[in-house]
Structure formats: structure tokens, C-alpha cells
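In order of appearance the chains are A, B, C and D, and numbering begins at 1 in each one.
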Amino acid sequence: MSITVHYFASLKERLGRASDNVDFAPDLTVLDVWTLANPDLPLPTAILVAVNMDYVTLTTSVADADTVAFFPPVTGG
Amino acid sequence: MSITVHYFASLKERLGRASDNVDFAPDLTVLDVWTLANPDLPLPTAILVAVNMDYVTLTTSVADADTVAFFPPVTGG
Amino acid sequence: MIKLCATPLDPWQELQSHQATATHLTGQYGATSIFVGTMRDFNQGDAVKGMMLEHYPGMTEKVLANIVATAERQWAMLDCLIVHRIGMVRPDQPIVLVAVWSAHRGDAFDACRAIMEALKSTAPFWKKEQLESNRSRWVNSNSNGYLHANDAM
Amino acid sequence: MIKLCATPLDPWQELQSHQATATHLTGQYGATSIFVGTMRDFNQGDAVKGMMLEHYPGMTEKVLANIVATAERQWAMLDCLIVHRIGMVRPDQPIVLVAVWSAHRGDAFDACRAIMEALKSTAPFWKKEQLESNRSRWVNSNSNGYLHANDAM
């Protein structure tokens, strides 16, 4: 299994892709997932994170088959 | 000339009439107008007063040809 | 614009036609805050079948115009619409519509609510309820609109 | 009810049809508080000719449902309708509609505004503006909706 990673809006454009897959390993945090998917790019500031469509912090652990999403501040409404 | 007096809603029903005319005299206050129009009935509590369609207090003086209105608390909206 | 109407009030139709003619709003407004007050079929424990809305002609319009002018001094409003029923109102019929258009939502929200509270406490309207029991009674006073159903009364 | 729509949103039509089918409201609601957010033709000093609304499918609906559930725990709400545009929006087109029905106005006013603020700060939508100059840019962040146009920024 693996972790699915989604990117949205300006972050998606900056990375040039909408999603990644990262191999699952025990004790993986959300920040680790970013680093595995983007080894050459530190996480930009002010980025929000969700796991399985709920907001989480960067230190939240992920489970196998989770979906992680990174995106800039929301601007709806 | 004279002062026109209007009554509204429950006060109108209680008095059994919608309006009165009171002879103008110098130094007449709104409360004097009530007493001239209703000599046997003290002004009920919680009654609002307007002169020429602006809210006033009972001690406000009236001018000749003014229109005075007495009514219960408003309940629109 | 301030309107009193003696026939049933359709708030969605009023909003649609007001906005269609309000060309000064085009491209300018980002926020519309709207309140609709509607007649319920019960009050103070009694079933209510109708409500007669009396008002003070002339003073009503003057008070409402002053309320809008006061709000316009406090908030950045682009437009305001107030429509209020008079005469006999039935349950589920709208009684009042207040709408405020502004560039940003803070102004629209605050102005709409302040106008509504000022209307409830100062515009010369009076409601007489017709109960299912065929008794009728005057509504005594309006409550504070900043309180909630869950607040201790 | 929560709806995302990819075609122009008519808030008056949405309100009319929602209320027509909401039979549980009959006779119960005295207050409806409504907010409509509409696209303006300028932003930050630039003429804007369109706006692409991106969202996170699935999470958007989940966040909006949580926002409504949270509001329902705080206020006595009878019903709530949220409709939000996605895709390409043009100036003067509505972007979002939030409506709350309640027995009394304090609950409707507070709940509608709280839902709108929670939506602006947490629902995963992103706007990309298409300027008249043919440049495009992402909107950086939403402002605090409790501020006013007249407040010092």
C-alpha cells in the first residue's frame, strides 16, 4: 500500500503536478510525507494539511492508505 | 388653529377613538395635550409619543398646528 | 428603497426585481445580507391564524428612512431595500424584508442586523393576533433580537 | 442542504425552491438570515474579468457539513442551505449563498454569519482571478469578515 498525496491551487501549479504516491513506513508524519514526495523543496510557509479530508498538523502521523493533501490558504466564499 | 392628536393600536381601542383636537395655548407640553384630551384618564404607562412624526418626550413643548401621536410599544418586523 | 405593501410579499421576487434595476450596483457589490421575518402559526403557547398589522402612515416611512440614513453614516452601504407588510398577514407569509448591499461582508452583515433591530424597536407598526380560539390580542412588545432561543429568559 | 454548482447560481430561485420543499418549516420559522457573496469587477486595484474557483472534491462537502453541524449545536436552527459555485465565475455572478431558518432572529443572524466566516476560513476553495490585462493570479487569503470598509487596515 502507499500514501496518496494531493496538491491544490497555487501549490499544484508550482509543483507542476496534482498528486504523488509515497511508500508507507511506520511512524511517518505528514511532514515526512512532504519530504519524501518533495526531497528538494522545503515545505512552503502557510501551507494547510489534511489527512483523509480532515485538517491536521504537520506532526500528525499517517496510516497506510491514508490520503494527505497540501494546499495554500483557502479563498472561497 | 389647534393641536391634532392621534391614537394607535391598543390605545386607540381603549379610548374608543382614533383622534382628537385640542385648542392650542402657549407653553403647552405633550403631557398637557394628553390631559386636555383625556381629562379623566392619567396617561397609561409605557406609552410612546411623537410630535410631527418624530419621537419626543412628555415634556416637549408643542407649537400651534402640531400633530401629536400617542401609542403603545411598537411590535413590527 | 422603502416599501409598505398591503398584499402578500414575495421576498425573492422583490430581491430579484430590485437588483435587476439597481444598475449602480453592477460590478460593485460583493456582499448582500438579507433578513426575512415570517409569521409563525403559534406564539406564547397559542395557535395563531392571522395577524393584523396596523401602522402610522407617514411616520412609518419617516422612521424607516432615518434608520437607513443612520446606518449609512456608520457602514459602507451601496444600497438598501426594506419591504414591510401592512394589513392582514397569515402564517408562513413574510412580514418584513431587509436587504443591504455592500462591497465587503462586514458592512452588509452589521448594517442589515442594525437596521432590523432599529425597525423592531422604533418603526410604528403594531400587531394584533387572531387566535385559533377566535380571541384576538395585541402583541405587547418586541424582544431583543440579540438574544437566542437557548438563552435563559 | 449543501450544494456545489458548476453553472450560474440564482440565489432567489434556490431560496424559493428550497423553501417550497422544506415542509418541516411550515408555521415554525419566524426568521431567515441570508448571505449572498457576489463577484466584483475589481480587486486590489485591478479590473477583473473572471475567476476560476477550484476546490477539493469530497473535503469541501465534509468541511461544510461539519460547519453546519457545529452551528446547529450552538444555535436553535430549523434549516440551513449552502450553495457554492465552482468553475469559472464572471463579475456580478453570485459565488456563495448561505441561508439559515430559525424561530427567532437572534439565532438566524448569528448562525448565518458564523457559518459564512467558517466557510471563508476553512472550506477548501481557491480563487484564481483573470485580470482584464490577461494576467491571472491566485487570491492570497480571505480577510476577516468582522472588519469593515471604514476600518483602518
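The rule we apply is simple: contacts are C-beta pairs under 8 Å (C-beta built on N, C-alpha and C of every residue); 3 or more make two chains touch, one makes a residue touch a chain.
Predicted model, so just to flag it, every value in this text is computed and none were measured.
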Checklist entry - Minimal path length between chain A and chain D through chains that touch? => result 1
Item to check | Chain whose mean Cα position lies farthest from chain C | outcome: A
Checklist outcome for this item: Whole-Å distance, C-alpha centre of chain B to that of chain C, is 27
Checklist entry - Distance from the CA centroid of chain A to that of chain C, rounded to the nearest Å? => result 48
Item to check | Between chain B and chain A, distance of the C-alpha-averaged centres to the nearest whole Å | outcome: 72
Item to check | For chain C, residues that touch 2 or more chains besides their own | outcome: 37, 116
Next on the checklist: Show the residues in chain A shared as contacts by 2 or more other chains, in ascending order.
Outcome noted: none
Checklist outcome for this item: In their shared complex, chain A is touched by residues of chain D numbered 37, 53-56, 58-59, 62-63, 84, 95-96, 116, 119-128, 138-142
Checklist outcome for this item: Note: in the complex, chain B contacts chain C through residues 6, 8-10, 50, 53-55, 69, 71-77
Checklist entry - Within the complex, which stretch of chain D touches chain C? => result 11-13, 15-16, 26-42, 75-76, 91-92, 102-110, 113, 116, 143-151
